[in-house]
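Structure incoming, see below.
For reference, chains read A, B, C, D, E, F, G, H, I, J, K, L, M and N in written order, and residue numbers begin at 1 within each chain.
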Amino acid sequence: MDMVTIIAVSSIVVAGFTIALGSIGPALGEARAVAQAISAIAQQPDEANTITRTLFVGLAMIESTAIYCFVVSMILIFANPFWNYAINHAGK
Amino acid sequence: MDMVTIIAVSSIVVAGFTIALGSIGPALGEARAVAQAISAIAQQPDEANTITRTLFVGLAMIESTAIYCFVVSMILIFANPFWNYAINHAGK
Amino acid sequence: MDMVTIIAVSSIVVAGFTIALGSIGPALGEARAVAQAISAIAQQPDEANTITRTLFVGLAMIESTAIYCFVVSMILIFANPFWNYAINHAGK
Amino acid sequence: MDMVTIIAVSSIVVAGFTIALGSIGPALGEARAVAQAISAIAQQPDEANTITRTLFVGLAMIESTAIYCFVVSMILIFANPFWNYAINHAGK
Amino acid sequence: MDMVTIIAVSSIVVAGFTIALGSIGPALGEARAVAQAISAIAQQPDEANTITRTLFVGLAMIESTAIYCFVVSMILIFANPFWNYAINHAGK
Amino acid sequence: MDMVTIIAVSSIVVAGFTIALGSIGPALGEARAVAQAISAIAQQPDEANTITRTLFVGLAMIESTAIYCFVVSMILIFANPFWNYAINHAGK
Amino acid sequence: MDMVTIIAVSSIVVAGFTIALGSIGPALGEARAVAQAISAIAQQPDEANTITRTLFVGLAMIESTAIYCFVVSMILIFANPFWNYAINHAGK
Amino acid sequence: MDMVTIIAVSSIVVAGFTIALGSIGPALGEARAVAQAISAIAQQPDEANTITRTLFVGLAMIESTAIYCFVVSMILIFANPFWNYAINHAGK
Amino acid sequence: MDMVTIIAVSSIVVAGFTIALGSIGPALGEARAVAQAISAIAQQPDEANTITRTLFVGLAMIESTAIYCFVVSMILIFANPFWNYAINHAGK
Amino acid sequence: MDMVTIIAVSSIVVAGFTIALGSIGPALGEARAVAQAISAIAQQPDEANTITRTLFVGLAMIESTAIYCFVVSMILIFANPFWNYAINHAGK
Amino acid sequence: MDMVTIIAVSSIVVAGFTIALGSIGPALGEARAVAQAISAIAQQPDEANTITRTLFVGLAMIESTAIYCFVVSMILIFANPFWNYAINHAGK
Amino acid sequence: MDMVTIIAVSSIVVAGFTIALGSIGPALGEARAVAQAISAIAQQPDEANTITRTLFVGLAMIESTAIYCFVVSMILIFANPFWNYAINHAGK
Amino acid sequence: MDMVTIIAVSSIVVAGFTIALGSIGPALGEARAVAQAISAIAQQPDEANTITRTLFVGLAMIESTAIYCFVVSMILIFANPFWNYAINHAGK
Amino acid sequence: MDMVTIIAVSSIVVAGFTIALGSIGPALGEARAVAQAISAIAQQPDEANTITRTLFVGLAMIESTAIYCFVVSMILIFANPFWNYAINHAGK
């Protein structure tokens, strides 16, 4: 296998598994926060505003780790510096 | 194996496992949120509207991680830049 | 092994494991939601309509991740672009 | 190994493990739903009809993921497009 | 190894592990349903009929996934289309 | 290794692991059912007959999955169609 | 390695691991049943006879899966049909 | 490696791991039974005789699975039929 | 494979898995902190300010470990000293 | 590698891992029994004698599985029949 | 592969996985401490100062283990003595 | 690799992993016993002597399994009969 | 690969994974101790001094195991006797 | 690879993983004991002396298993009899 092929294959593999593994934690984490928020609203309907606001801040923090994974995955597919270097040098 | 074959195989493998692994977290997470929402509605029927609204926001956030995986999976099958490069250079 | 064989084998393997792995999360998740809904109906029979409606929305969301896996699995068996490319170029 | 053998072997292996892995989630999930339904009936015998109906809808959803796996498994054994292609081209 | 041997070996291996893996989920699942049913009967002896009927429906659904695995296992040993193809072409 | 040896080895390996893996689920499952039945009898001695009857039906269902594994294991050792085919063709 | 050696090695390996793996489930399962029975006797000394009888039936069922593994292990060491075939044909 | 060496090595490896793996289940199981018996005696000192008797029957059943593993381990070291066959044929 | 290729591949692989693995812990951890904070606000609405402040300090600490992983991942893609060394010496 | 070396290596490896793996179960098991006994003594100081006696019987049973592993480990190091056979035949 | 390449690759791989694995423990640990602190503040608002102070000491201790991992990761990328030795001797 | 090297390497590896694996069980086990003893003393300060005595007997039993591992580890490093045999025959 | 390279690589790998794995236990452990201390302070503010003192002793003990790992990691990078030996003999 | 290199590498690897794995159990164990002691002091401040004394004895026992691992790790790095033998015979 030449350099272009190897880098393409490893980029494909890593892009997929990064977002696949990286979605497990945030999905479970957000579910826990949402479930607790729903439970809290049911107990204290008067505090729904404070609870919802805290929930949204928390979801944003948790989602950020999923975003990191998605960003890395997209970089590897569409803006991969190693791939650019490889196809520029493949013709040589 | 030549370059076209390797990239095709790795795209197939990664596309499948990305969505397979990526569906475990969101499925369990959504189930938890839904179960808690149902439980909360049973306890506080008067707050069903607030609970349902919070649930839908949460489900959207959780589903987003599954969507990320599905998007990466579809990109790898139908809009794979590495595959396009490979079949363009395969005849050379 | 030539290109056609490799792509066929990897498509078979991935199609199977995608739906196999992808069914674990939704099956457990739906079970949790259903169990909680049944428990909620037993506690609050008067809210059975609201509970059932929320349950169906939730099941649809959870089932969607299983559908994603099934769709990818079917694409790999019956509408695989890599396979089509391979058998078109196999005779050359 | 020639192409026919490889495809046959991979079809056998994947067909078996798809249904084997795919039966774990639904079996545990259905058990949870059934157990909860039985528990609910014991608590609220008067709601047995509503509970049973919700249970059957839920079991149908959960069983559907097992059916997906069984369908893929049967397709791989008896209606495998890759196998058909292989035995048609084996004599050439 | 020739084609007949490989297919025979893979059929043996897959037939065994399919039923071995496939029996774990149903066995644990049925145990859960039965244990809950026994517990429910002890709490509500008057509803033993409804509980038992729901239990049997549930056991049938859960057992069905074990049956799927057993069917695939038996097909692979006694009605394996790949094996039939192989021994028909072994003499050639 | 010739065909007879390979099939013998794989039959031995699979026969052992099938019953070894296949005994874990039923053993734990039956234990759960029995433990619950004993607990139920201690709570409701008057319903011992109904409980015992339900228990035996459940144990029969759970044991059936162990029996499936044992049957496959015995078939592979004493009535293996692949082995019969192999030793019939070994002398040729 | 010739056929006799391979079959001997695989028989040794499988015989050991079959009983080793196969003893985990029954040991934990019996412990659960015994622990529950002891707990039940402490709660309801008057029902010790019924509890003990149910316990023994359950232990017999659970032990049966360990016996299956032991039987297969002994068959592989002392009554192995593949080994008999091998040593009969080793001198040829 | 000749036959004698291979069989000796595999016997050593399997003898050790059989008893090592086989001691985990019974050790944890007996601990559970003993812990429950101690707890039961503390609750019902008057039933210490019945509890102790049930405990000993249970410990004997659980220990039996450890004994199976120890027996197989000893057979493989000191009464191994494959080893006897091998050293009888090693000089030939 | 030459040095440039190997370093490129290992950088791609490690960059992806570092952020993928590194997002699991913080996502679950932040979810736990957020869920507890929501629960605490529901119990003590008057202390919402103190709780929110403590939550934000904690989220910052937890997010810091995700940031470490993201920093290492970005360094490996865009500011990798080994890659710089390699492409500087690749032409020699 | 000649026979003496292989048997020495495998004996060393197995002797170590047998006692290492074999100490996990008994250590956790004895801890459970001791912890329960201490808890029971604190609840029922008057039954300390009966509890201690039952504890010692139980510890002896649990320790026996650790002893089995230690015995096998010592046999493999100091009284290994395969090693004796090997060094007796090494000079030949 | 020459020495420079190997050391570069292993440094990249280890630097990534060290911080990735090393962030799981501290992230979960800090989350636990923060969650407990929030819960404690909600129960005892008057002790918020003492609780916060103890929390910060604990977070510092827990963060220290993440810092260790980050330090080792940075040393391997930017101040690696083995890499310095290698590039100094690469020209020879 | 010659015999001396192999035995040295395997002794090093096994000595380390034996004590590493063998320390997990006793450490967790002793912690459980100590934690329960502390809890019991807090509940029943008057029985501190009996509790402490039972604790020490239990710790001695649990520590014994760690000692077994340490003994085997030390034997492999400093009194290894296989190593002695190897260096005595290395010069020959 | 020559000796210097191998030792450098293995030192890098082990240094990283030692501190990575070694930080999981202490991080989770310290979190547990801190969480319990915070909870205890909230219950018994008057005993904050005794609790804090016991906590610090405990944290020191737990941190010591992380320190062991960090020390070994630093020794392998900066004071590795095997590396010193290797580079002293590399020129020969 | 010659003998000196192999022994150096294996000593490095084992020294690191021994202390890394060996620190998990004691760290978690000590945390449990400390947490329980803190909880006990909060419940029974009057017994702080007895609790602290029992805690220190327990910590010493638990720490001893970590010490065993650290001792083996240090022996392998600085007082390794196999390494001494190897470098004494390397020049020959």
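As a convention for this text, a contact is a pair of C-beta atoms (placed from the backbone, for glycine too) under 8 Å apart; a residue touches a chain by one contact, two chains touch by 3 or more.
Just so it is clear, the model here is predicted, and its values are computed rather than measured.
Path length between chain F and chain H in the touching-chain graph (shortest route): 2.
Chains compared, chain C against chain N: the Cα-based superposition rotates one onto the other by 155 degrees, nearest 5.
A straight line joining the Cα centres of chain D and chain N is 48 Å long. Centroids of chain A and chain F (each the mean of its C-alpha atoms) stand 43 Å apart.
Between chain K and chain L the centroid-to-centroid distance comes to 30 Å (mean Cα coordinates, whole Å). Centre-to-centre separation between chain H and chain M, using Cα means, comes to 38 Å. In chain N, the residues touching two or more other chains are 1, 11, 13, 15, 17, 19-21, 24-26, 28, 30-33, 35-37, 39, 41, 43, 55, 59, 66, 69, 73. Taken as a graph of touching chains, this assembly is arranged as a ring, one closed cycle with exactly two partners per chain.
Following neighbours round the ring, chain M first and chain N right after, the list reads M, N, L, J, H, G, F, E, D, C, B, A, I, K. Touching chain E in their complex are the following residues of chain F: 1, 3, 6-7, 10-11, 13-15, 17-22, 24-26, 28-33, 35-37, 39-41, 43-44, 46-47, 50-51, 54-55, 57-59, 61-62, 64-66, 68-69, 72-73, 75-76, 80-82, 85-86.
Residues of chain H touching chain J in their complex: 1-2, 4-5, 8-9, 11-13, 15-17, 19-21, 23-28, 30-39, 41-43, 45, 48, 52, 55, 59, 63, 66, 69-70, 73, 77-78, 83, 87.
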